[in-house]
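Presented below are the structures under discussion, each in the form of structure tokens.
Same chain, two partners: chain A is paired with chain B first, then with chain C.
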Partner chain A sequence: MKKGILAKIVIILIFAYLFFPIVATLLFSVATKWTTTILPEGYTFSYYQQLFTSPEFIQSLLRTVYVSVITIALSVVLIVPSIYLTIVYYPRLERFFEILSVLPFAMPGVILAIGMIQMYSSGPIRITGTVWILIGSYFVLILPYMYQATKSGFRAINVKALTEAALMLGCGKLETFIKVILPNIIRGVISAALISVSVLFGEFVLANLLVGDNYETLQIYLYKLQKVDGHLANALVASYFLVILLLSLLLIWLAYRNNASAVRDRGKTS
Partner chain B sequence: MNRTKVTQFGLELRRGGVLWIPFLPLMLFALGFEILPMGYIVYSSIHTSAGFSLHSYVQVLHSKYYLISLKNSLMVSVGVGIIGLGIGTVGALALRSLGEAWREKLLTLVNMTSNFSGVPLAFAYIVLLGVNGLMTVLVKEKMGLDLYGLGFNLFSWTGIVLVYIYFSVPLAFMLMYPAVYAVRQDIQEAAQILGAGRSYFWRKIGLPILLPSMLGSFTLLFANALGAYATAYALTNSNNTLVSITIANLVTGDIFPDPSLASALAVIMASLLTVSLFINERLRKNGGGTGR
Partner chain C sequence: MSYVQINNVEKSYQGRQVLKKIHLSVAKGEFVTLLGPSGCGKTTLLRIIAGLERSDAGSVRVNGKEILAGQHKKGQNIGMVFQSYALFPNMTAYENIAFGLKLKKISPENIRQQVGEIMDVLSISGKENNYPHQMSGGQQQRVALARALVTKPDLLLLDEPLSAVDAKVRESARSLIRDIQRRMGITTIFVTHDQLEAMVMSDRIVVMNSGEIMQHGTPEQIYHKPENRFVANFIGTYNFVPGDWVGLSAYEGEVCIRPEHIQMLKKDQLEQFGDSGSVRLQGLLAHYYILGNTVRAEVVVGDRKILVDRLNGFQGSEFETNEEVGLVIDKDACTMLAPGRGEGN
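And now, the complex of A and B:
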């Protein structure tokens, strides 16, 4: 009994610690005046209104959305078929994927960035400061997440049996992939894409070092805004966190639906 | 042995026909933006204008400034790793003893806060604990405590460590949560029946069971803190010398750019990361490490 209470106190303390900055940010973003009281003295949405009508904000948001969508689309197009082919035809190439998705852990953004700056600032390919280098580096950045989440989508079905059955029934190889495999793993792919969105929306290091002012992403805009207007920057942080919250909820819902449908299917076969 | 491997791979290739073609663009990207840049850093670290030499490494080892930035990073990462691990482990143990319905929900919340890092996190802390931060002012008015007068400064090491701990805790929590189940209820009960008190149990049985996973989690927390850049950059305007910030300044800074030196520091940092990840991998193979 005593132990249960102690555990609850510990959990409450840790959660208070973790959520304190988040709640304060959210409250501060709607506070008119908040200096010496526990809670704000009045509430307003004017900071959000100012933020969302600011052209600089819209521009940076669009840039981040643009670079994220292109990178993730490219990543899906290149990675999903490759994982499928690895499972069915080239099991040995799995090692290759594993190495690629472990490497970023030994090479954080800073190291990756200075390597790329040195490589691509001179010589035949000069792309430092352009959106191309950002897309390339983001591709590498999200590769581990894309690989893991997509792979777990593949793990949920028997890829080989499905492929063999489809081929035997006269389906072409491409048709098998598009009409049989893809619908079965699409949720894994969506999870992978959502995780990547949350990673890319929070990315600062590569953007700051590789393109900086030439391609001002959301995080770079936030970094600059913070020095100019604290209230607007705070509204941006609050909105950023709300987006992350939304993405997390979507991911949980997807995972839950996966589990629920798996349970249902098992029920059907037995 | 080797030969059969080769022939098997050949078989795989023939069976697939031209299906290896989709791998080409993927390999191109991986090569261009992951493998070659890494190789280039190694090359650049041993290549100066005078040709091949280890001059940059010698320079690092003889410069107080670079050694201090390495030492700072190591100390911050180790300290943050230990504190984060402590809080995360205690939290994971506490979470285990709650009801099942709560566990999943709370774990999802922790997972969500782990996304809160970098510039937004630094800014949230500035709003709270900056010179005119909400907490700073509130504590001053209500309790008469002048934090900054007492030597607290968010834009210094104190702040960096404070914020680093914040982003380490959710990670430690999630890494240790599966691991604490190794201390099974029946072991605990058996020890109790045999007369072991709570503290005796944790000292002699509980902690030794958890130790390999704790070490594994620590290596990941350490690596995460060592590689971090955005948080410290946003907080201290690149004044405090952490090695990640020093590396970036050496390449992008306008004053003394020295890519070769930056590469040497980067190689040293990457080696440290590789060693710590390797330790975790070994622990994991023996059933102890955590993550991924």
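And now, the complex of A and C:
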């Protein structure tokens, strides 16, 4: 009995600790005036309205969406076929890809960024300060997430046997990949993409160092906004929080469905 | 005229040879089983025949056409059933079976009719809209079989398709596969490590061991006329006794006799049985146990233990353990093994 109450108190404290800043942010983003009182004196949605109608905000949002979409698309197009080909035709390369995919974890973003600035500010590929250098480094940044999440999609099916079964029925190699393999791993690819979206939407260090004012992403805009108007910045953070929350829920749902079907199929795909 | 011709096929993995100069021909409509212990190269050989694996040397021809690995399988027309079934998880039973027909650009009405027919034959009608994970192992196996059969292949390859289902389902699946194979006249190569399965189903059995063909022949030949010690040991049970025991004093090696070919008698009856064509031995009945429809006796004769099988009659046994018994062996029942190949294993 006593133990139960203690456990509850601890859990409540942890949740309070976790949610307090979020609730405060939410409240501040809708407060007219909030100085000496415990709760705001009045409420308004005007900051949100201001934010969502601000051309600067729209511009930066579009920029972030643009880099994220291009990076993720590039990543999917390169990683999905690579994993497929290693599993079916070049199993020895698998270890190499595993190592390659965790390499970005070993490199702090700052070092990566400075290295890239030097590498690409002269020579044949001069892309320092342009959006391309950002896309390139974002590609590396999301590589571990993309690789692992996509790989787990592949792990849920017996890729080699399915491929061979389709080939034996007279299916071409590309056709097999599109008709048989892709529909079975697509959920893994989608969750990989969603994880990457949430990583890229929150990214500040690389964007600030590599492109800064040249290409003002959402996070850079937020950074500037903070110094100008706290209420607006909070409205942005709150919106950001909601988007990430929805993404996470979507991910959890996807992961749950993946697991459920994997459990059902276990033992039949030995 | 052989329909499938395998010539001198060899294969090594990382410097270790897993197939050594395999020669084999299969006639049209024949049911041939590759039988051998785990790791002897059965799957590897089957995959080379299918064109899924490249051989290091030699060639495979099916119906006159050479099979090449990596080549588009459209012109090849070989059906294959995998041990794991490899059903497409995103497709229903119907879509799985229709997959090969759709690739052949057959009209939808024809596809519907042919799929319906084969599902009927395999008694899986009604499962059309089930996804693989919604079916039992036995049903999945039938869908896999249907998917391979519906395209009317020139050659059907089966890699232990029955190993993942329970004994009852396996038994009915054996005769089902055999029936359909006969009715459709499909040349079939079947892989198993279950000798009973091989005996029941095959026209011809190919016994393999560590990448070599040890013997091939009808189930009768394999069972009654093993050509070497490996086959004798691998198929069924044999007693090995010195040649002079059965009056072959000139013969250096050992002879082998099936347990069911030895007669066991009460010791005092021994004198009345047997003729010049048989030998009589005496021993001690050490152990006696039921195998099912037969009963096995372990009789110690000299320094050897001889196994004797008798039918498990309804009246039970008239023998007691530790009793002195007599054995009668017909000389014609003894098989002499050529020394050399496969010895010692």
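The rule is simple: the second predicted complex is superposed on the first by the 257 of 270 C-alpha atoms of A that agree within 3 Å, B and C clash if a C-alpha of one lies under 4 Å from a C-alpha of the other, contacts with A are read in each partner's own complex, and residues count from 1 in each chain.
Keep in mind that, in the parts below, contacts are C-beta pairs under 8 Å (C-beta built on N, C-alpha and C of every residue); 3 or more make two chains touch, one makes a residue touch a chain.
Here the structure is a predicted model, which means the values were calculated and not measured.
Contacts of A:237 after superposition on the shared chain: chain B is touched, whereas chain C is not. Of the two partner chains, chain B is the only one touched by A:93; chain C is not. Of the two partner chains placed by the overlay, neither chain B nor chain C lies in contact with A:39.
When the two structures are aligned on the shared chain, A:15 is found in touch with chain B, with no touch to chain C. Number of chain A residues touched is higher for B, counting chain B against chain C.
Contacts of A:174 after superposition: neither chain B nor chain C is touched. When the shared chain is aligned, chain B comes close enough to touch A:248, but chain C does not.
In the superposition on chain A, contact is made by A:219 with chain B only, not with chain C.
Here chain B touches chain A in the complex through residues 8-9, 12-13, 15-16, 19-20, 22-23, 25-26, 29-30, 32-38, 40-41, 44, 87, 90-91, 93-95, 97-98, 106, 108-113, 115-121, 123-128, 134, 137-138, 141-142, 166, 169-170, 173, 223, 226-230, 233-234, 244, 247-248, 250-252, 259, 262-263, 266, 269-270, 273-274, 277, 292, going by the rule given at the top. For chain A in complex with chain C, the touching residues are 157-158, 161-162, 164-172, 175, 180, 183-184, 261, 264-265, 268-270. Residue ranges on chain A touching chain B, taken from their complex, read 3-4, 6-8, 10-11, 14-15, 17-22, 24-25, 28, 34-36, 38, 78-79, 81-82, 85, 89-93, 100, 102-119, 136-137, 139-140, 143, 148, 173, 198, 202, 204-205, 208-209, 212, 219, 222-223, 226, 230, 233-234, 237, 240-241, 244-245, 248, 252. Listed in rising order, the residues of chain C touching chain A in the complex are 50, 52, 72-74, 76-80, 82, 84-90, 99-100, 103-104, 132-133, 137, 140, 147-148, 151, 164.
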